[in-house]
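Naming follows writing order (A, B, C and D), and every chain is counted from residue 1.
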Amino acid sequence: MTQLLFFNVFNGLIVGAFYALMALGLSLILNLSGVINFAHGGFLAIGGYLAYSLIPYIGFWGALVLAPVLTAFIGILVERVLIRRLYGRDPLYSLLLTFGLAFIIEDGTRFIWGAQSLPFQVPSWLVTPLSDDYFFLTGYRLFMVLVVGIAVAGLFFILNRTRLGIRIRAGTLDLETVSVLGVNVRLLRNMNFGLGIYLAGLAGVLAVGQLGLQPTIGASLIMPSFVAIIVGGLGSLPGTLLGGMLIGVASGITTVFFPSATEAVIYVMMAAVLLVRPRGLLGEEGRF
Amino acid sequence: MSSESFSIKLDRRALIKTAAAVGVAQIASPFVITARAADTVKIGLDNPLTGTYAALGKNELIGAKLALEHINAKGGILGRKVELLVEDSTSGDAGTAVQKARKLIDRDKVDFLVGNINSALAQAIANVAYEKKVFHVVPGGHTDSVTGSNCHWNVFRICNTTQMEASAVASSLIKNAGKKWYYLTPDYAFGHTLQAGLEKAAAKLGGTKVGGDLTPLGTTDYSSYLIKAQAAKPDVIIFLQAGDDAVNALKQAVQFGLNKKFHLAGAQQELEVLLGLPPEARIGTWVFEWYWNQPNVPHVKEFVAEIRKASGGHVPTARTWFGYAAISTCAIAAQQVKSLDAVKMAKAMQGFKLPPEIALMPDGAYFRKGQGQLIPDLFVGQAQSKGASDPEDLFKVSDVVKGESVAESLAETGCKQTWPS
Amino acid sequence: MSLLKVENLSKHFGSLVAVNDVSMTVQSGELRAVIGPNGAGKTTFFNMISGFLTQSSGRIVFDGEDVSALPATQRVWRGISRTFQITEVFPELSVGENLRIPVEVASGYRLSPWLSRGGEVEVRDRVAELLEMGGLTAKAGRLVGELSHGDQRATEIMMALALKPRLLLLDEPTAGMGDQETYDITKLIRRLHKDHSLTIVLIEHDMRVIFHLADRITVLAEGTMLAEGTPDEIANSEVVQAAYLGKAAA
Amino acid sequence: MQPADFTKQAPNIVVWALLLTMPFWLSHVGGYTELGSQVVVLGLAALGLNFLLGYTGVLSFGHAAYFGLGAYGAGMTLRYLLPSTGMGIIIGTLIGTIAGAIIGPLIIRLRGVYFAMVTIAFGQVFYFIAFRWSSVTGGDDGLTGWTRLPLHLGFTTIDIQNNPVAFYYFVLVMFAIAVGIMAWLLRSPFGRTLIAIRENERRSRFLGIPIDQHIWISWVISCAVVSLAGALFALLNNFVDPRALYWTQSGDFVIMAVLGGMRSFWGPLIGAAIYVVLRDYLSSMTENWESFIGLFFVLVVLFFPRGVLGIITRKVKS
């Protein structure tokens, strides 16, 4: 039993890392632009499909690098053409817009790549377990955690050390002042959106390594990401990261003791957090 | 300011125009098979084209269209041309599926209703068809109750019951893999009945259940279930997931190397799932409800060739055959009694044996009297990572099981039909 | 008798000290002006009294009761009513409706699903009275968002007044107004103060307004209280001139 | 009647005339009675949502939860408790309302996007309960084995079970009661405080309106109406499944309200009619209907944010 519990906690961390990657992208966009991106799951699917189509030409590693970048470009384009028009309006509208976008993307991927699940192959040395006892530690899953780790480190580096990142952080706190200081807010939001979608695309490539690649792949992953953001606290990226890890572990533990509540537990956790601390674990006071 | 509102105005007009143009193009495209004329015989297909079951739904549609072509080439039904009215039921939205069934029956006045892949939706629209007394064929929703406790005189089903699939595969598994089984079962009626069937069949042969978990439909991460399964040290891990769930579960099980420690198997398996798996995950002992590679059965080769032509080179799957057989059944029922009266047609189909060019299997298939359930052959065998002859030959049939030998007796199914007086 | 007593009030935003240990006592019936250069913490000070912000330390006593921990709404119920620096009204409702809402709240009808005939008459009369007082009768049916800045401000003051407050807090009532509008608003405030002997605390920049209206003046600078006294005392205070008027002149 | 009154009443007269005569003309324009019932039921849900969205200015993206609870409440009453359509509706509505009342205090302090997000997430709790507790709810297979029953009124029996037109009028009566109550509330002092909150929350708070309390009441009323609609929806289909609780269903309600016009009382009903008919039509026309629905969302948001009635009112005024 203890071993089982230990395995599941550990496994939960791996799963949580993946949720966190999704949630960080959502969180970035939400914080700076006030947009809940319902289409995030769609962008994840685009990332996966692009990787699938690219692999025959540039291999898995090439696709891992290129597919998220291409996804980000699509995201930047979408922001320019559509989402940008809604800044400053009731958040209702951006919600509906991305909701509609999610439909279009799901149907679009089905139109282009078909409804049939596609076989997606990762290098075989990656998909073998490292140890007989810890069989759930496959190379691929550790690799996923590693990539998430690098992506998160990279993200925090960008946010803390580069001009773009510092502006994004400043804009998150006080957009008005930032714009008065002469920062091009439109461009800033555009780049920030691209960054968020890049993370979605990356999550997509990683996801299809162990999930079936089909048009609805992103739909079931978006809700846990929402919960991760709420639990972690709005406006706080470290909070989102923490939230993702926590819900991963919580569902891992619940699987052992009360399997039928595996999904519900993360929502119960969210309710508890809201009751005790409405702004989330690491959320700032006074935002929202 | 003024220039901005001007540009928006322009955009609005332009966009409406574009949308209208796209709309027209779409309506004119080949998806539409719904030219609604008055003097035709109408078959309504209420099946998923979007969502989780879209791939299966599209394959059934391909089969249905081929059947339609065959029927019309032979002069239609009762000398009238046959029309197929296709509605997207969505994959899980019963409200939509029921609404579409009502629309087909009430407004379009269809003579036959066909659907659905999702057992729940199949049951829901069967209730509508029963209420409206319309001849209804369920091509591919497996839950036992459709032709069991909730059976109706007007409802016929092409695909097997889960119980039949379970019994068909059980003996082969016990013989080849071992007696201690661990179940990973999707948490809905299809999974529940499949597991119950397997447990019952295994118990008769001395097999035991060493554990199991219910996995929610649409689960993406199976790792924690797999950790528990491995801790139970079974001989066989039984995967009862269907569709995308099966792809996810098997992909992850193989990555964990579980296939090297245990026998991975299940009951129902579909070609659509195997095609979606990477080659190393195409493993295990399963049951297929129909398979295209049957070199010694007459008519199969022709059917495969025709489907290949219609689907851009792909072989028919069990789903394609379900669609084909379902539509053909409608035509046969009408021809039998020379009428479109649902009660007469349904009576004529009791115990009816499908002609070989439609059954397309060694021992043929017939509708069991008093139940509306088709009793066909079942194909037990192993998944293979690469076909010798064809890239889509991913299953090796080791055993053809006669449906009669695995079906429960009529009394056991719990089906009691009440016919309209 | 003192109506409002502020004791050692402070507010920190992180390391920034916006208001530092300010005390102030306002007598019943007094008109008090709070002045100070931009960034002196005047609005923050106001926000704490009205309950919009929670103080970091200190106490607010209203009519003998410690209200420091009460939420804004409850302070309104006890009789503290306010306006904002940037006019806060219901722009898409008519002037009449803007006044009707606070009148109904003040009469205890806020949760009523209906109004009795008597209640309806009572509410209508009170709204008419307020319209009259604010010089808005002719504009009762117009949307507030379409009115001039001065009329919007008058509407806001009448909304605050509709609550029958005992203490009215006005945050820069003449901000952004022309001479005529400033004159009208000043006249309105003066009438409220004199005719209804209402206790008023106001923040103001326009010295003409302040010296015309105020009984006493409190001067804030960089979050601390610099001086307090009658208009004459303040006008002659060297500290104030050095720190505030001097700065403003420069 | 004064001419001014008449212009004010004209929309009401037109809407009711259309609703009352629907079964007589619907089939002539290519519809069918159940489509009419569906429009009325979903229209009621959208109107209920709009009580909160359009008249209190609070964005809920999780109303499907209460819609679904109403549906399950009605279905389970008929399945397990007692064979009475009326009780099904009452219990269904109560369950949805109570759930809303309990969740309310957890979320009313939140605003804007955050509120929307939390309402979605809470909605999912009920979705998963319905989805996983299959021994009681039927899980993904839905709740079957029951059907709506004829209405026994003592002096007569109305066969809403087998006569779709009778059922349509039954739904319309329920609709009229709920809509009547909402319209009446919106004209009351309480209704005006809600509009005040929508217009300017800060001003309202400093007029002595306890915002959280009023939003909570508005939320509960809205949940009650939506769960009534849910109960009727279950009876319409003789079936409930977890999809009725899923968050995409909430999105449908919101788009209906926006499409018809959030600031007009009848807007959401018009929106529901357009959306239901359009969806029904598109999904029969092309298997890529999802793209068109998505595109439709985008177009509405970008070009018709005030909705159909919003545009008409503006045209009339100018």
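Points worth noting:
What we mean here is this: contacts are C-beta pairs under 8 Å (C-beta built on N, C-alpha and C of every residue); 3 or more make two chains touch, one makes a residue touch a chain.
Everything numeric in this text was worked out from a predicted model, so none of it was measured.
The minimum number of touch steps separating chain B from chain C is 2.
A comparison of the A-B and C-D interfaces places the larger number of contacting C-beta pairs at A-B.
Of all chains, the one whose mean C-alpha position sits at the greatest distance from that of chain A is C.
Chain B and chain D have CA centres that are 35 Å apart. If you average the Cα atoms of chain A and of chain C, the two centres end up 48 Å apart.
Mean C-alpha position of chain C lies 43 Å from that of chain D. Multi-chain contact residues of chain B (touching two or more other chains) are listed as 50, 187, 216.
Shown for chain C are the residues in touch with two or more other chains, of which there are none. Residue numbers of chain A whose C-beta contacts span two or more other chains: 107, 260, 263. The touch graph of the protein chains shown belongs to none of the named shapes. By the definition of touch given earlier, these chain pairs are in contact: A-B, A-D, B-D, C-D.
Remark: chain A residues 3-4, 7-8, 11-12, 14-15, 107, 110, 114-121, 124, 127-129, 135-136, 138, 140-141, 207, 210-216, 220-221, 251-252, 255-256, 259-260, 262-263 touch chain B in the complex.
If you check the complex, the residues on chain C that touch chain D are 50, 52, 72-73, 76-77, 81-82, 84, 88-93, 97, 100-102, 104-106, 109-115, 156, 159-160, 162-163. Chain D makes touch with chain A in their complex at residues 53, 59, 61, 106-107, 109-114, 116-118, 120-122, 124-125, 128-129, 132-133, 247-248, 251, 254-255, 258, 288, 290-291, 293-298, 300-302, 305.
Residues of chain B touching chain D in their complex: 8, 11-12, 15-16, 19, 23, 26-27, 29, 31-32, 34, 49-50, 87-88, 92-96, 98-100, 102-103, 106-107, 119-120, 123-124, 127, 131, 143, 150, 187-190, 192, 216-217. If you check the complex, the residues on chain D that touch chain C are 184-185, 188-190, 192-193, 195-196, 199-200, 202-211, 214, 217.
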